[in-house]
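Structures given as structure tokens follow.
One chain, chain A, appears in both complexes that follow, with chain B as partner in the first and chain C in the second.
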Partner chain A sequence: MSKLLKIILSMIPLITLLSCTGDESVTVPIFENGGLLANTSSLSATTSKLIEGIYSVESGSDNFGRNVVIKFTGNTFSIFTGKNFAYFVLNVGIKDSSIVFEGYWRFAQDSKTGLAILRLDANEGGKQIIKNNTPNSSFVLRGSFGDGNNSTQNELILRYIRPINKSKIDFKILAHRGGGRNLDQLPESENSLGMMQIAESFGANGIEIDVRLTNDNVPIIYHDENLSPRLVVGEFAIGPIKNYSYAHLLTLCRLKNGELIPTLKEALETIINKTNLSVVWLDVKDPAAIPQIIKLQEEYVNLAIAAGRKLEILIGLPDDTAVEEFQKQPNFQNAASLCELEFDTVINSNSLVWAPAWTRGPMIDEVSRMRGLGKRVFFWTLDGPEFIKVFLDEGAADGILSNYPSIVAYEYYIR
Partner chain B sequence: MNITSDKHLISILVVLLVLSSFTLEAQSKILTNANSNFKIGVEFGGGYGFKLRSTNKLEGDYSSSGMNYTLRLKWGLGNIFGAGIETGYIAISSLKSTSQVTPLGVTDISASLNAIPALFIVTAQYANLQLFTGLGYYNVMSTSTVFNSTIESSEWDFGYLVSLGYAYPINSTYKIGAEIRVNNISEVQITNLSAQLKLMVKLFEW
Partner chain C sequence: MKKLPAILISFSIAALFLALSFLPSVITAQQDSLKGFVVFPKPINAGQFHSSIGLSLTVVPRLIVEEGVLQLPMLDARARLGITDEFYLSGRANIVYVTNQISLGFGWSYSYKNLSLSIADHFGYWFGFADFQGFDAKSMGLANYPTITLGLSLNNLNVSLSGEALITLSQHTYFGTASVGRFSPEYVGYAVTLAVEEELWKNNYFIFGARFQYSLPMYQTWLAFSTSYRWALFPEFFIGYEL
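Right, the complex of A and B next:
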């Protein structure tokens, strides 16, 4: 018996230990004192676009595969790889006619990350790019990458092969929950303003965000029905989000990485003014929010036009209750929407986009029928690289919603 | 990988492992104690508990402790092992704060977090020592007042209990004792460690 008692007593601290949250966040590695970019001049957007392309990996292919995609995403450069589905997020600057890239790399489906540095020397293409000449195979980016805050462990050499795929359709790479999930330990919380601003660096040109309503009728961006430690930090924030006023939410809790829960207004302002995203899918989690969403959609479409931004704001209708509420609204047919339901519902709602679950397959015939009616088709939520390839091969999608937009970006642009 | 879910799963497995090892020994005792009677009893407990890991980020007079109470109906064979249901009240934490600066202005804050368990328990006893393990749900309740507006919110969350107790018989009907308890409300990552004094009353025996 005394043996048994010892086991029981020893289990109590173990159980207590296991009761800890276990939440671990991944810190994005950064160069100390701004690294080499601290004393560089900036590169124009036009010149930056010239660097985009498919590059062969002459050194570093063990980690990143034979070919990679380099894409300018508005403020930063991203590299998308086929092996390990890594992505790099790199800032850029010009120093002595050479172009310097500094930032971090990360495996999309793993928390492995580290610093990376690349340089396009003046005599290996840097000077030509700065003069706005198109690149050729003599363009070589040389540098290194490492684990954590080490950037010099492994050599990385990339040589330009060709331009990236530019298809005839305006293909949408949509990032789930504003850019990615908390589960994937990203630098910003899911559905936060910060996440929306870095979604493009993951390869997205559009985002999906979730709209709910507080008990004082403020549309906010939040995924789950309840407040929980999965999404927020705030000891006294418990239970359904619709129990809380906006003031209570702002006072009692923060998103997982410390951000405030954004309102729909703040989200749309951020998307218009701080990103180049071209589409936002407002996933209606609470149909009672639809009247306000339609008003805000109209207001912010006009603001986007005034700001010279090409931005499509789509009201996402995920179920019959949302469709019913949507169709009750006067002039609902003029409100741009995306419908996840069946053919007739898409037509009756005058939705611009049909968004079926990817698990239904590429549905070539149904997609053709939709396209014949002028509708586009976005599939959700497609994360597996092998399935993303299939959908792209079939040419079935006008857009793919994914938790890993960097994988979609690689598979799409490498074609 | 969902680290949090995995840890909770491991926790539950550990509880079941401990329980199974204990009940195996208890069962062997039953076989050697064929005269054990079937008993139904009720237990009342009261004490003080502490929340083990604070997630409070608000400034002010924060307390992660409070009174805990337990009401338990228990049945089983003799004094060896049995089952039961348990409820009670757990004061988890509270906060009072004045002139807190928020994005919407300055406000006083008053908040509290409490829980009512509804657990199915399994017990095992050797001499005067008792082990309780339980699985079930907790009704977690929050009351908060900010900007002079009060909101009450609650939800049911999965959780478990592990408890070790000592019982001293006063007579054939009453026992008194004490218990060290760990209540874990897994879904909201709340762990409460408490110590309670208790009174046990035998209702029926045959």
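Right, the complex of A and C next:
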């Protein structure tokens, strides 16, 4: 027996050692001194849209597959690939009638990343694009990509094939937690203002963010019920987030990458003023926040209209408690909402969107019924490429919420 | 599959495995009362049978489940049957309804003084059901586990150290009326297991151990539908009573 105890005790340090999985972060590689873009002029949004399309990969297909999608996302260009589900985030500029793209690539489900550079030479489409001519198969982007801060290891050549899919429906690619989760080691923390500003680069045209309430009734954007090292850094903040005032939270902790925990007001201001996102899904984590959410929804919908922004703010109702609180509010039927529950609840809440979990299947009959009543259907939270394809094939969704909007974007636009 | 048949299937398999575990013990009881060789890689005689029943607890990494359930307790049954003096059949069943695995395989073992060695290969069939709120899903798959085990016998204490390669072969998942499947053999990680078998009181043998799986997500976490391509550590602790 004593031997057994010794063995068990000797295993404890081993277990402790092996249990330390680390919490490494991925640094986004950047070009030194601004790279080639430092001496370029800007490209207009109208011209940038012309570059969008499906391109064949003439060199680099071992890493990125045979075809890729290039999409202008408002501030940057993104490339979405089918192999390895990589995405590129590229800034653009004009130099000597050529168009230069510089930025980084990243595998969505892996931490591999590196610099990338592409050039649409003046004689291979650059001049024509600048004159706002429609691209054709003579348009060739040439460049290279590498691991980490090396941009020249591997050749990358992309040739224009055709425009991207223009669907009849206004399909929504919704990014989870403002753009992505901490565990995917993104450059910004989940549910941070920074994350909301880069969500479009990942392929999203809408985001889902989580709303909680502090003990002094400030609606904030935070996912978990508790403060924990999963989401925040700060040695003195633990336990339920609703036990803290907003001032305490600002003093005691930061999000994983050092950002402040944003308020709902700050989030909506950022979305309106610093993004082109068209939908924001406010996932109600604390039903007590609903009265304030409704007020802010009304205020910021009006601000968006005044700013000329097309933005839909949906109050997400995930459970019976949230629905009950929502339906207690005067004029709740006029507040745009999204309901994750069953048919009758969606109707009774006058929700504009039904949002079932994808794990229930495509539910074609139920979806048709909802659409027949003028409702849209968003499925959550779909991450697996093979599952995403099924939902797109079935045509069941008006939108998909994903931790990997770049995968949804590829699978949707490549069609 | 409806809930009741799914439960029945899981528990029928567990019951069958238990029954099979007891039966040869009764048959061979008069031949050999030695225990302590369910995991320990010492050669056993043809027809000799060793089995155990117990519990295991797998700690699921946050990388897979974030703030969700982090511990996965399972019924854990093991058995080993001698075919010849060197070759044996062995199996293990882990049952918890939402995810279950039965692995069966054969091995060769060799002993020199108090040291033993075995080389084995197991095929695992895993399956799971999720038919509670928000889910209408089930999944199943095949995996392969080539294993090498070293054993050191210290009086009545048998210590085993195993290394396994983890290879997934196929997976088929149903969600609602849709399904996806793939057959793509892939090396997804490895596992190291340290186990001790000891007689704690008269002829009552127990197995204590820890298995450290370092891999991509496998059957234990199919319900998380993780798409992570990052390897993670899945520590598993188990205790068993040898029948």
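Things worth noting here:
Here is the rule we go by: the second predicted complex is superposed on the first by the 394 of 415 C-alpha atoms of A that agree within 3 Å, B and C clash if a C-alpha of one lies under 4 Å from a C-alpha of the other, contacts with A are read in each partner's own complex, and residues count from 1 in each chain.
One rule holds for everything that comes next: a residue touches a chain if its C-beta (ideal position, glycine included) is under 8 Å from a C-beta of that chain, and two chains touch if they have at least 3 such contacts.
Note that the structure is a prediction, hence the values are computed from the model and not measured.
When both complexes are overlaid on chain A, the residue A:V390 reaches chain C alone and has no touch with chain B.
In the superposed model, A:M363 makes contact with chain C only, not with chain B.
When the shared chain is aligned, no partner comes close enough to touch A:E299: not chain B, not chain C. Legend: residue contacts after superposition of the two complexes on their common chain; A:L183 is shown touching both chain B and chain C. In the superposed pair of complexes, A:D96 makes contact with neither chain B nor chain C.
Once the two complexes are overlaid on the shared chain, A:L252 sits against chain B while remaining clear of chain C.
In the superposition on chain A, contact of A:A237 is made with chain B only, not with chain C.
Within chain A, the residues touched by chain B in the first complex and by chain C in the second are 1, 4, 7-8, 11, 14-15, 18-19, 21, 183, 228, 230. The touching residues of chain C, when paired with chain A in their complex, are 59, 61-63, 66-67, 130, 134-137, 154-155, 157, 159, 175-178, 180, 182, 194, 196, 198, 200, 208, 210, 212, 225-230, 232-233, 235. Interface residues of chain B facing chain A in the complex, by the touch rule stated above, are 2-4, 6-8, 10-11, 14-15, 18, 21-22, 25, 52-58, 93, 95, 100, 102-104, 107, 109, 111-113, 126, 129, 131, 140-142, 144, 146-147, 149, 151-155, 162, 164, 180, 182, 184, 186-189, 191, 193. Contact residues on chain A toward chain B in their complex (touch as defined above): 1, 4-5, 7-9, 11-12, 14-16, 18-24, 183, 215, 226, 228-230, 233-240, 243-245, 247-248, 250-252, 254, 260. Residue ranges on chain A touching chain C, taken from their complex, read 1, 3-4, 7-8, 11, 14-15, 18-19, 21, 107, 109-111, 181, 183, 223-225, 228, 230, 357-364, 383-387, 390, 394, 404.
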